[in-house]
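Chain IDs A, B, C and D follow the sequence of writing; residue 1 opens each chain.
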Amino acid sequence: MSRFQIEYFSTALQRPTVFDMLIPNDLAPWQVSEYSSRPTRTLFLLHGYSGKSGNWIPEGLPEKYNFAVVMPSAENSFYLNGEATGHNFQTLVGEEMVNFVRKTFSLAQSPEDTFIAGLSMGGFGALHTGLAYPDRFGKIGALSSALIVHEVAHMQPGGGNGVANYAYYHSCFGDLETVEERDVNPEVLARRLKASGAKIPEIYMACGTEDFLLENNRAMHRFLEAEGIPHQYHEGKGTHDMVFWHEHIAKIVEWMFA
Amino acid sequence: MSRFQIEYFSTALQRPTVFDMLIPNDLAPWQVSEYSSRPTRTLFLLHGYSGKSGNWIPEGLPEKYNFAVVMPSAENSFYLNGEATGHNFQTLVGEEMVNFVRKTFSLAQSPEDTFIAGLSMGGFGALHTGLAYPDRFGKIGALSSALIVHEVAHMQPGGGNGVANYAYYHSCFGDLETVEERDVNPEVLARRLKASGAKIPEIYMACGTEDFLLENNRAMHRFLEAEGIPHQYHEGKGTHDMVFWHEHIAKIVEWMFA
Amino acid sequence: MSRFQIEYFSTALQRPTVFDMLIPNDLAPWQVSEYSSRPTRTLFLLHGYSGKSGNWIPEGLPEKYNFAVVMPSAENSFYLNGEATGHNFQTLVGEEMVNFVRKTFSLAQSPEDTFIAGLSMGGFGALHTGLAYPDRFGKIGALSSALIVHEVAHMQPGGGNGVANYAYYHSCFGDLETVEERDVNPEVLARRLKASGAKIPEIYMACGTEDFLLENNRAMHRFLEAEGIPHQYHEGKGTHDMVFWHEHIAKIVEWMFA
Amino acid sequence: MSRFQIEYFSTALQRPTVFDMLIPNDLAPWQVSEYSSRPTRTLFLLHGYSGKSGNWIPEGLPEKYNFAVVMPSAENSFYLNGEATGHNFQTLVGEEMVNFVRKTFSLAQSPEDTFIAGLSMGGFGALHTGLAYPDRFGKIGALSSALIVHEVAHMQPGGGNGVANYAYYHSCFGDLETVEERDVNPEVLARRLKASGAKIPEIYMACGTEDFLLENNRAMHRFLEAEGIPHQYHEGKGTHDMVFWHEHIAKIVEWMFA
């Protein structure tokens, strides 16, 4: 497995960004699989809150299914564009890095070949980014997603929760009074896609039954059902940890690439 | 010259941070100088706006004067603590990384052995961080410093300047109505140190005569003179670029370490 | 867990070398253990043939038992000094890197605090380096060790085996006619230490019952028994792969640091 | 300038190799030049003895002339295939990495778009690799080249020179009795290309008048003249150091890419 650490100047962030990639292009003969002759597809893999690029690697899977992995570092941004200059993490992942990868590497480039997945804050990011750019991402995998829009709505200056304060949530989501109605809410994006008749990426959600975010994920599942938006929703034994994520990213990857 | 790329979990940022260090501990016999037998001192070297750790390396100087270089990545933060959870870049550089380096490496540790310098936004950072932690940094080198507190004061929501918008400046400096009176203003820190009779780090400022920040630097020079705070202030032919910085970081390093 | 990628100029290799380190010095409060207040010990962890620094990380263990991990890259050298200028990998690991780490980092430094372990070629390296420098390494952990001295002895020019050719083995081990009697043979080192009455590092060997190197490891076990050199020898279900090594490095680490 | 640190498993070396690349694909509008619209060409840039990938970067030039830089780490191998398994540095650079770059990146791929240059041992490597693969490299730039074949010829076991010993030279060049007649000698490659009527890469050599390798370079110049092989040969004030190399790599790059 070839490993790339890449630094480039990000216009979205107004500063350099560093990210990691994996490309299975140095396989030994015994690693070649039925998928090796297919053009190499790409998975954008999104870290969670307090994580970074490379913290979470789907060991063994890229070789098996012949896909590259792009691992952005989006800091603690919820993969959203904030109001401040240079706080454009939605643009970073969904536009700039997709374009960077497409123009730099010899990889398959259609939305049928480009998927996005993440865990926790990165599960939110996968859903949000995938729904914001349905012409770029054909499939979305969302693990234990931090679907917290309704939780942070109407938070007041000086307020906060166990994770972070009002100023932080404001810097990520913008005005918290209107957050549920704006494009930072994946539901808004999904409903608009549905209304427009546009193609909606395929969606696979999973959450552990002991996860503190279980109700948030069930609520999103109900929302998608109510809207008639096709998706898979899975619950499994487990909590908000790498044991659950290793098990279920394997299932998502199989769903995406097999 | 040994080079270190270091990743650790930053409590100040609530996520991992990556920074670079240089330590001249692998010198060839012909590189040994009169300073090599002295305990190795440390220079915290701060990048400018749109830069990052390692973008700016004082080639040849650490070997010559026997000092380590710590190069934080402080994004576009002005090396300040903002209001949002995890936006604590002053704490990152002035407390957390100083402590990290002291507990991890065998380097000289007193303020007489620990200096700070930077360029542009990092010149601001060197002045601000050095004055905020006079018990940690014995000398400050400030090149072409982005002393913009008076410029951003009273900026209004929706406003901005050629570099960034109101939301950005607010995320770095906090309330822009009171910015001149709060600790984000290096003048406030300097005046307080003077009033308390505390030891003030030695200061060396330099700016190019063609630099767009020349007047800001002259104003700081006048302020320090008016307050009776000892410092060196130098102007030289040049503009806001690496030609000026390479020339003058060499002078600052000689002033610090010779 | 702090991660360090380090490059320095190696006199032993006559060129720069790059290696990785882990130091558990950024732990969250809930990661603190009974061992955290003890000075941080060090494990030199050696990769196998066709590996490199960082390919093999004992996840979770350094935090738990409070030890740093130094991961040299010794290429395919068998951790030995060859005859060619710059082919000094025994010196690299056993002298140069031990000295580099001791002078650079604030870690416990006595042989009681400095251990060495490896797998396959690195198991050979751990035994050989540990026995070559008993004043530096207090404990040796050797997994599935490539104890091949008797196999390559008397190999002829033009010859080879399934892994590599005569010229390769000659570059690592020197004259293959005399290889069994020279210091590249761990048995020679062990016997000499025993004869001199010097302190011999504690030894823990393990090998899988399906491993193609099982007989080589059993032979070393019998040799140590015959010489009356104290050691632990364990066999377990498994073959020459990461499943076995993850299971047994955990046991070695517990034996070393608990 | 985007920077890539890349690790892949090298079949030529039988272990992972790490190398650096630069690609000017993140330029600001003011960095765009007349060459930016041309497909991005590639320069393989070879380090000298005791160097490694990235030690030597042609700052500012890739942006200006729109070319990628591939910087192999070839250790102290003289970019040759030795006899030992995994000691195949000619294959590494001239075949494996060319193929890796071509299949991985979206860069111009013809020999008219792929050039090779180096300094000292890397100057030797550029001449040798370029002449060994004339169907891959259209132009060769050779700075202060370590053209030492005639010096090491007939060196005896136990012998050596100020740089390294017999065993080292044997590991790089093979049998030193026949070294002048074998393909490790760039003259042999040049003469064969000439005889076969094959296309010979364009050659640009430069050496400082104070360089200890001056006579070696003059001898190669005379050889090429005597063989009627077109080339440029330049001498300039300077010695075997970065001052000379920075000045003359700029001239070579202009000759290659302007």
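We take it that a residue touches a chain if its C-beta (ideal position, glycine included) is under 8 Å from a C-beta of that chain, and two chains touch if they have at least 3 such contacts.
What you see is a predicted model, and the numbers here were worked out from it, not measured in a lab.
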Fraction-based call for subunit D against subunit A, same above half, different below: same
Contact-richer chain pair (by C-beta pairs counted) among C-D and B-C: C-D
Where subunit B and subunit D are represented by their mean Cα positions, the distance between them in whole Å: 40
Averaged-CA centre spacing for the pair subunit C and subunit B, given as whole angstrom: 42
Averaged-CA centre spacing for the pair subunit D and subunit C, given as whole angstrom: 36
For subunit D, residues contacting two or more additional chains: 7, 9
Subunit A to subunit B touching residues, read off their complex: 7, 9, 13-16, 18, 49-52, 55, 75-76, 82-87, 160, 163-165, 167-168, 170-171
Touching residues on subunit B, where the partner in the complex is subunit C: 1-10, 23, 25-26, 28, 100, 103-106
